[in-house]
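Alright, structures below, take your time with them.
Note that chain A is present in both complexes that follow, paired respectively with chain B and with chain C.
Up next is the complex of A and B:
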């Protein structure tokens, strides 16, 4: 929570007349664009994620087993990279429009073509790579819905559509809202895509005010306003989850036979799953691969392996630490449900919606203050200078990752913990098992899937993370994301493709593992491929 | 014991973190750089420097303002000896915030002209970046072009592509306008410019050039090294686009072409001050100056270095003689002005 606090602390100082200027000129734009982006991306992620999850969890159709995991793949694609590839493809000067113009001999005023670099464009891009969060949580919820419910509704004569709208969807609502809130938080924090598309949101505003006008106070106040958006989201999510407790009434966990979709319905199902996969992963990855094939011999050198190692190690370290913290917080909340603990947990999760740069500076300021204090003390009492102990080290980087991505880990761990009903603890204890054994023999087996989910989600997120790495990293230390950014920022998109593709490929493995973990995480699972 | 393994995990995590936090082993002679120039655009020079002098160079790259923020928050403990930026305004800001120190070097004063360095030696420009008008050769008669100021004329209505006002290149261009004409006139100019946009601002400099080549608009403003980069690209479509666009040097008879510099200054608390000065002098040397032109099509600051073939083909120009530090002072004013003018 430290970074969030230090940002709010800066914001508490009185700001100059920058606000009057903003209010008179661009603030309305920021608010409207940010709201539209949030709503649009949330709606888009639901529209893609929920049908796909419903289809793959209780139906069967051609390719279902592949779609189950492949639908998660867009998660490995950083949003700013998908934005670059689509711009390269669909922009006025890109191959598609050029071909159209040449074929029909059109000029600029002769035809209409959707503008990629626009607010709707940004919404589509973000929805395409973020829907897997909704898909993931929705699928877990649909698979968890007790078979009895499905059977009862079926025996009452409810058709497939009706079952979806009157039973499946309402029961899964808490998970859907949790998924959408993750998606919206990620969309709020996005800088790379909106900046490239020239869409002005709170995030671009923070950068402009901070770095362009040199007013850190007003920037921190904008960031605090952004946090309010997040707070509202979190409250909404909690309110909806409160009702979730009544849903898990237990029951028999065997899998009812899947409803087989054939012909017309099967075709529709395949289309509903193939479209997001195609546009969210296959097409952009294909573009990257074509670019990389051309430029790799020139840009990939002996340092490449080092970059891959750096990225993987950082991601792994941060994922382990975030998991540990999430477990501590999760259990803290479970064992001592004090309002203060709950507030701390909630606050710790807010970092997810804060742009990486703001988190990074929120880490940098307090760490530098600690270093100064220790250094001053050592100089005075020991006559030596300790210099910088934390700033400019990988500790700062990993700390920033945890601050930013803890929410993801918390979500999964929390979801896992709610599945362990207190009655299970009591039952185990009454059978004479020690509390520690309860943890190892009851909790860990039930939690395993959730823990793995948390680990992998943070891992993939850290692989993609750019701003905090860029600002906080030590000398002579680069990651794949940093290299990809440097080349892309120099407007050498094709040159950056090799590194971008490496990020995507490094994320694919964990994503596939993730899908398997979900299959196994529940009682009575049938082993999926 | 199951509990033990959890403690072990914790312990090993902390050991790992402690190991990560250990400072690197110190070499005999070294110099540490915070650089806003991208690694590819500075590392080869630094490697040359290390080879020639035996001094190890450690590098962190990043964005101007973030590096400045890092430098400020680290205070007297900063490991950085040299701050490299790609915008003179940011160097002026760095001086203002007290993180740089003055350097007296005859070598540097001889090699870097006065308009491209701080009067008291807090920072030195190392390469010049010009932002002229680029036009579509098949649709624009260069005879009709004259100045930046003239771009608001009715004949250019709906023919202008421009990058967003988030771009520091446009910010310093407008800062230059304010400096020459005053704020009111500059704002009227910016409004006129916005009225002539063929489409809302978006994309980077290369995107503007491609848009001109593809016919989305006829004119744009872009830094020349982007055009050079496209001419040298291994992507045929980029080379074709670059061939459809030509450089026009505006304002040659009035204020001169808008230029900015990338440059560097020694930090206030540098521990390797002498090495840092040595590196600065190396970066201003003939060989390094030539490299800027050859590798990235930037103009040398040292007027005695002949430009590369690519640069020579674009012709000579008079650069704006305004001291580039002024652009930094007016940067915030420029952003507000563009907000008011509706330049997104």
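Up next is the complex of A and C:
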């Protein structure tokens, strides 16, 4: 929570010159662009995610089993990376436009082609990789809907379309709102895409003020405005999640036979699922692979390996630390349900909603202040300069990662802990096992899966993270994400592909893990063979 | 002879609430007992105190003469050699059936362990499922595994915390009888907690009725039904009504249904108003009887009918008849009382806890 407090505290300082300048010129742009981005990405994610979820959860059509999990794959694709690939593919010199020109013998002014690097472009890019959040929650909601509700509406004469609009969709509404809120939070946090596309939003604004104008107060003020957007979404998400629980009709679950779609309808269903998968993952991944194959011999050298090691070690360190903190908090909550512990858990859970840019500034400001104080003190009393102890070191980077991704670890650990009922501790003890042995023989084996999941999820999130790393990384320290961003910013898209592909490949693992988990945890799924 | 299980004057509390008060209970031999009571009566807390999970505030718990609990001291549960079967079974999800059963056999040699697990698997009839995980077997099979796991280290006493409550009624009594047979075969004492009297009857030799943290009666099922010590027990066990009567001369009570012979409660002078417990099987349908009652309600129960009758005074009565005695509601039938021992409570005397027995 420290980063959020410090940002808000700094932002409360009187507005400076830069702020007045911002307010007079670009602030309106920031607000409008950010709002448009949020709304557009939310709508796009709904449009892709809901039909896909409706089709795969209660219908059957060719490839349905594969689509069920493959539709999650775009989650592995960071938005800034998909933005690079489509730019490379669709801009004036790219293969698509070149092919068009050659085929029809056109020249530059003969045809109209949509500009990828624009606000609509950014919306499409973000929607393509963020829709899985909506898909996931909508799918769970559709699967949870009691089969009898569907059957009642059928017996009352409602056809499939009417059932979707009058029963399925309204019942799933809280889950859909929660999903869209998550998507919009991610869209707000995005820096890489909008920056690359030259769209002015809050995150790019914060960067510009921070680096370009060196005004930390104005940056904090912008960050606070951004936080207000996030806060609204957070409240929206929490409220609708709670409603989603109440909306859950309960009763006995059994799976009604899936509605089989054949011929024309089946083809449409396949298309509705294939298009997001194709454009959200297969095509960009393919493009990256092609580029990487071409440039890898040149790019993959000792420095590349150094970057990989850097990234892996950093991600692993942050993941282990986050896991440790999550375990402490989780166990604390289980053993001593103290209000303070609960508050800490709640606070840690919010970190995920705070954009990386804001976290970075929130970490930088207090750490820099501490450094200045310590340095001044050391100079005065010891006659030496301690320099930067915290800010500008890996400590700051790892701290920021933990602040942002602790929630992810906490969620997994919590889910694991709730599976260990207190009676299991008692059962073990009544079988002659001491409390410490209970930890080793019961808790850790049961938790193992959750701990690994938590570790992996944080690991990959850190690997993908861009804005916080950009702001906080020590001088001359680089990661895969940063390098991919730098190369792309230099218009060396093909060269950045190897770095990007490494990140995407690392991200595919957890997505498969996630899809396996939802495959297993189906309500009404009868484990008895 | 030292009693098998001896609870002496114990108090249990979740501060600030007292859950069990001044409770004493003695099982003389390693038989099978049951604590029966409505939910919230403190029976599970009592069981957990015997297992060593809850401290006693007062009194002591002894097993075969060895003290297990006294105020400010408690032998840890893992050293009591008392097994427990939990309401939610608490099977370890990460272990197979075999490993679950072997969990408490840490200090046995590998050979002994294998032999014990094999014997128990045969006992519960699940040899084929030894390699399955708990989520891969049915609810009834999970119950059996939980039983085998608790019995594996040969505990002296097995505590059962409503382990059958998640099963449907027919399966429940069957499994209760099966567990009883296994306990007897293993020579392990058993103490069940239940709110279901039929489960208690099927399982236990001796049953204690608890209400609001107090043990009201510790007795055989027969005596609980036929000789309840107070109104709560009379009401909780079985069906019946209380009929107003007046104490007559020489050990008898006069009621609307005639004179019943038996001892009225001490201190009831002739002429005092009392209430007599009349069970449905105490009322016999007899067409020759001059006593008539109107049928208000009829419930068919297969082998018998349960009639609700209205007497001329307006008092209600329950009557059990063989199922060929079929009469329509509204008809009047002849009845007579066949009570071989009198259960009488003083009129207006409630049981001290505000439980009014419906008449």
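Quick note on the criterion: the second predicted complex is superposed on the first by the 341 of 529 C-alpha atoms of A that agree within 3 Å, B and C clash if a C-alpha of one lies under 4 Å from a C-alpha of the other, contacts with A are read in each partner's own complex, and residues count from 1 in each chain.
The definition used in the following text is that a residue touches a chain if its C-beta (ideal position, glycine included) is under 8 Å from a C-beta of that chain, and two chains touch if they have at least 3 such contacts.
Note that this is a predicted model, so its numbers are computed, not measured.
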item	value
Which of chain B and chain C A:258 touches, first, second, both or neither	neither
Which of chain B and chain C A:342 touches, first, second, both or neither	neither
Touching partner for A:445 - first (chain B), second (chain C), both, neither	second
Which of chain B and chain C A:238 touches, first, second, both or neither	neither
Which of chain B and chain C A:59 touches, first, second, both or neither	neither
Touched partner set for A:516, first chain B, second chain C, both or neither	neither
Superposed model, chain A: greater residue contact from chain B or chain C	B
Contacts of A:432 with chain B and chain C, given as first, second, both or neither	second
Footprint overlap on chain A, where chain B in one structure and chain C in the other make contact	none
Of chain C, residues touching chain A in the complex	48, 51-53, 76-84, 86-88, 90, 92-95, 103-104, 106, 135-138, 149-150, 152-153
Interface residues, chain A side, partner chain B - complex	21-22, 24-26, 87, 91-93, 95, 97-98, 101, 107-108, 117, 195-198, 200, 204, 207-208, 210-215, 294-295, 298, 317, 320-321, 324, 357, 360-361, 364-365, 368, 371-372, 375, 385, 387-395, 398, 436-437, 439-440, 470-478, 482-483, 486-487, 489-492, 494
Parts of chain A lying in touch with chain C, wherever the complex brings them together	419, 421, 423-424, 426-434, 441-442, 445-446, 448, 527-529
Complex contact set, residues of chain B against chain A	2-3, 9-10, 13, 16-17, 20-21, 23-24, 32, 38-41, 58-66, 69-70, 73-75, 77-79, 93, 164, 166, 168, 171, 198, 200-207, 210-211, 213-216, 226, 229, 234-235, 237, 241, 331-332, 335-336, 339-340, 344
